[in-house]
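Both complexes below contain chain A, partnered by chain B and then by chain C.
Let's turn to the complex of A and B:
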């Protein structure tokens, strides 16, 4: 009965979102018989600096409280209510912005473009979740991320998926963060923000595609928990790295594990690792795996070079994402388009006073940056692939069920299910 | 089984999302954007239901030698003025009078014994033979005279678009009063005149009607400038007026109905005295796109003479007999 109620509430929520999507992009504006005049478009003032620091304080507060609830209090309920708060504050009130996920691009651009400055609040938003992850695991994912929050609240009937599917899909965030950094470094675009699937829902406004994408991910999230976090989130890559080295990560059981397996069944993210099967972890197997591990380790540089070479072949294609490169190629191929008064981009270029030679020169510089960038991107992806392959041969010894430090979102569901009492 | 299905769904949805995003990203290119979604396009309002059209164009009289600036109808003669010319022709196009005026007239009012021509910032009075009687002094700076209307043989109302006001003179050129359409109640806003399109008329009942173009309204004032009533219709559709300043020109029939002429999306229509659309005289397709509003006059038989400035032609519209 309770499950049915939850499903009904979710269905109602989705219907609301669909009706919201239908209300977008009305054009032309309606006319009013009453004489009401459409107000002039105004540009809102930027958020006051004090309020931006307030947002940082809220972020610190939420992550601190989440850490306390996970490490000390071991309260899943507390995490749940904190998630609701985050959804309301960082999601619907702050409209999903400012967010650490998108800040990757701001930080990257600030590094590569001397003319681009970022505020200290953006830098803090970028760094603080990583620092927390380094000490306490992914407290940000647990309760401070609005994108994670909206997905976490719709996890109704999570289904475990095979390891190979998770590992294969787990490669996508690396590609995504690589492309996002490449595009931001070359001043091409902020693709993470452009394709944030939930910001349209938070703002109750956005392109049909993005609203639809957000709804699709939420529907998928009913069965495959937090799909954006697990398959796309670029910031999750950084958090995963930090969390892997976290000093005081969430523990499933407060004392000795009784290997009841309840926690593994409770984790919707398949982020709990089972104890090692000693029948499999024989001395011979360990030796064999070690040999494979070393061989694959030696192959990592090969993967890096191969990756760099392969991806660099796409630098011409990828560089066309930059508006200047695309425009220069377009105007060289079709000079007659200069007389197309309907084409706003071309007209904007012509009115800028910039010559065609200047445009081509700038485009060739950008293409050179892409050539270098794609070598680095490919090398990085080769490295990730190489490490993923190496990891196949690690046979760690585990006596208990433990959370996978990189993949665990510290949601606390496993603690809730653990039957072991502190006094046990 | 469930695990397998979900795995397949997850992989397929992920692939679909990646393909969608790549397609979407590659579609946002300067040569793939298609039509500007923010372009000002009123094409859909240019088509008019043929059943609403009650007039047809029967003939026209081209104006030669000069650019016509105003038209009036009196004593079964069409009076025209423009670049330094005052001319009177019969409805058949036969010239009866031609005189020099020495300036570009923008509006005119012909009454028994006098012809008043409005120039940019002053009015001149001529006799019916085209001889200058008096040149009135300009009522002030920024004056842009756009319309004249006589009340009997006593008063001449002058529309000054530059100062958004109506001036009342006697026929000797003495300024009696002026008003700006600002009523004490909330009903009146004052004249909103964004461009030099500000018309007024005195109908056969002696009522003064002034167009408030920025409000898409036609307002009735006492001669002292008190608002008595108004009707307004803002709409892109055929039933109302649109744009910055419409109706740009008006005329009145003997029963008090209004013939309205609009600029930009040019169309001529007839409304009853309360502002209900009666019929369409000429739909937009009859005129140049983004054209000037033809000045309209109407004779006792209901024939409408529209001075089409863009074609420099008097176009004659007669009611379709049913």
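Let's turn to the complex of A and C:
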């Protein structure tokens, strides 16, 4: 009896639902006489749900261990094994998702889109590596990043790259993170995840183009060590800022530097700075550079405005990456496409019952966001450029070979090569 | 002495910068935390929004797609002439591949009793193309529909199908309720209405 009632309520529910959906239950459910048991619709549990907090613990564990190995134990071998573990666990086992690099976009969306609820795990994935970098340098890059790990393990014959090339290429990550934040804030796209070159390799599946790019980067990485980290990684920008002012940092030698230059040759990333040449760093040169430094410092606001103006010119172009803007422009330019039954996006839009005016209105709001966003993006890039130019004129006195705190990945190769260590 | 002073100044500036960075990090974290929820999210298809465009089969990062057709048996009419199984216009109900709508022959048809037939999706073969969903929706009750199967889905940070879905049918749902199976889905709603 109870069951019949339930069935009735259920049936009523279906009828209600179908009448709402504008369709009717065409064929009633049969009443079987042969004792047929209806199978259940299976619902397998999400693979990742149970492991999310465990992943945070593993991340903390790996970064703590890496910090201990770098700062205390001074063990390159330890870092190497940790790298292998990270590649297997975060890379091939956990398939590289979610990672702190991509979490930039989730955090941005959590700030700009009130409808999006970021999970605590993702927020921790974003914050923890930065906090570690603020205290101990880029321990995350050293051993906890699967993308870094896969590249670090293929560094076979690294070549040194001229400083001006490195510095110019170093501008790209700023553009990348700027665009990623812009696209995430406007709800357009997650470009960091979409153009992640290694996630396809970790999953052993994915678009051929991206897997090809991943393999190409690995081949390039045989000679130009860690190309993604140095030329593209958007999260590296944030880590670099933190590490630049970190409280402690990897030191090459445990006691006194003997200026043997072995460490500089061992570093595949050109991240070790040589002692200053006193012939170059004369009193006169220092004073002259100081003047240029101040002049370029005063020029920074000009760069910001110019950058903002220049990049904001592209807001129309960039906003087309948003599907709504693209669709509205397409329909305005080619109204005849509305009768094109092959175009799925247009047909879905026509079926959705949304009016053309609504679409155009939404598109113009998004375009407005892009106008503001590109001004901010341009201003930021101008600021970065201004500071990069200013930094050309810093002639800091250095007596020893020291790691460049911003660019150093704390991989520990230099410690391994330092001959001073061996006497202890 | 002069060197000492320079060093102190630099150390002071570094501490200032460190503090600033630490505070801005805390600020960003706090602003994001306001919008934080304790739960993880997974991707799922709303069967009532889905327009069966076929992109689920082609745009998933996995090959074959993590989207499969599922069967809400409660809604099924167990028809002999099944709109999801046979191609439109088929008159002789033979089960040859050329008569079947499914390009992967993933639907298994089984006789139960006169005149009813059971249809079961073989998910190992299903590619998520939604051809049967369209057929079932057009000629039948609409018991066949697409769902993201979470034993397969790698839960990308942004679902590559969601990005191209023309009807915005794919969205993030709480991991505790990862499916929108047609029958259960309405049953839940019914329960909510009563409460």
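Just so it is clear, the second predicted complex is superposed on the first by the 371 of 424 C-alpha atoms of A that agree within 3 Å, B and C clash if a C-alpha of one lies under 4 Å from a C-alpha of the other, contacts with A are read in each partner's own complex, and residues count from 1 in each chain.
As a working rule, contacts are C-beta pairs under 8 Å (C-beta built on N, C-alpha and C of every residue); 3 or more make two chains touch, one makes a residue touch a chain.
Because the structure is a prediction, the values reported are computed rather than measured.
Of the two partner chains placed by the overlay, only chain C lies in contact with A:45; chain B stays clear of it. Judged by the touch definition given at the top, the superposed model places A:344 against both chain B and chain C. In the superposed model, A:203 lies in contact with chain C only, and not with chain B.
Shared-chain residue A:261: touches no atom of chain B or chain C. Of the two partner chains, chain C is the only one touched by A:121; chain B is not.
Partner contacting the larger number of chain A residues, of chain B and chain C: C. When the two complexes are overlaid on their common chain A, residue A:354 makes contact with neither chain B nor chain C.
By the document's definition of touching, neither partner reaches A:248: not chain B, not chain C. Contacts of A:169 after superposition: chain B is touched, whereas chain C is not reached.
Of the residues of chain A, those at positions 27-28, 194, 323, 344-345 touch chain B in one of the two structures and chain C in the other. Residues 9-10, 13-14, 16-17, 21, 23, 25-30, 32-34, 36, 38-49, 52, 95, 97-98, 102-103, 105-107, 110-111, 114, 116-121, 123, 126-127, 130-131, 134, 189-190, 193-194, 200, 203, 205-207, 241-242, 244-247, 323, 344-345, 347-349, 351-352 of chain A are the ones that touch chain C when the two sit in their complex. By the touch criterion given at the top, residues 2-3, 6-7, 9-11, 13-14, 17-18, 20-21, 24-25, 29-31, 33, 35-39, 232, 234-236 of chain B touch chain A in their complex. The residues of chain C lying in touch with chain A in their complex are 14, 17-18, 21-22, 25, 28-29, 31-33, 35-42, 48, 51, 53-55, 61-63, 70-79, 112-113, 116, 118, 120, 137, 139-142, 149-151, 153-158, 160, 163, 166-167, 172, 175, 178-179, 181, 183-184, 186-187, 189-190. Taken together, the chain A residues at the contact with chain B in this complex read 27-28, 31, 35, 159-162, 165, 169, 172, 191, 194-195, 209, 213, 216-217, 220, 223-224, 227, 231-232, 321, 323, 326-327, 330, 334, 337, 342-346.
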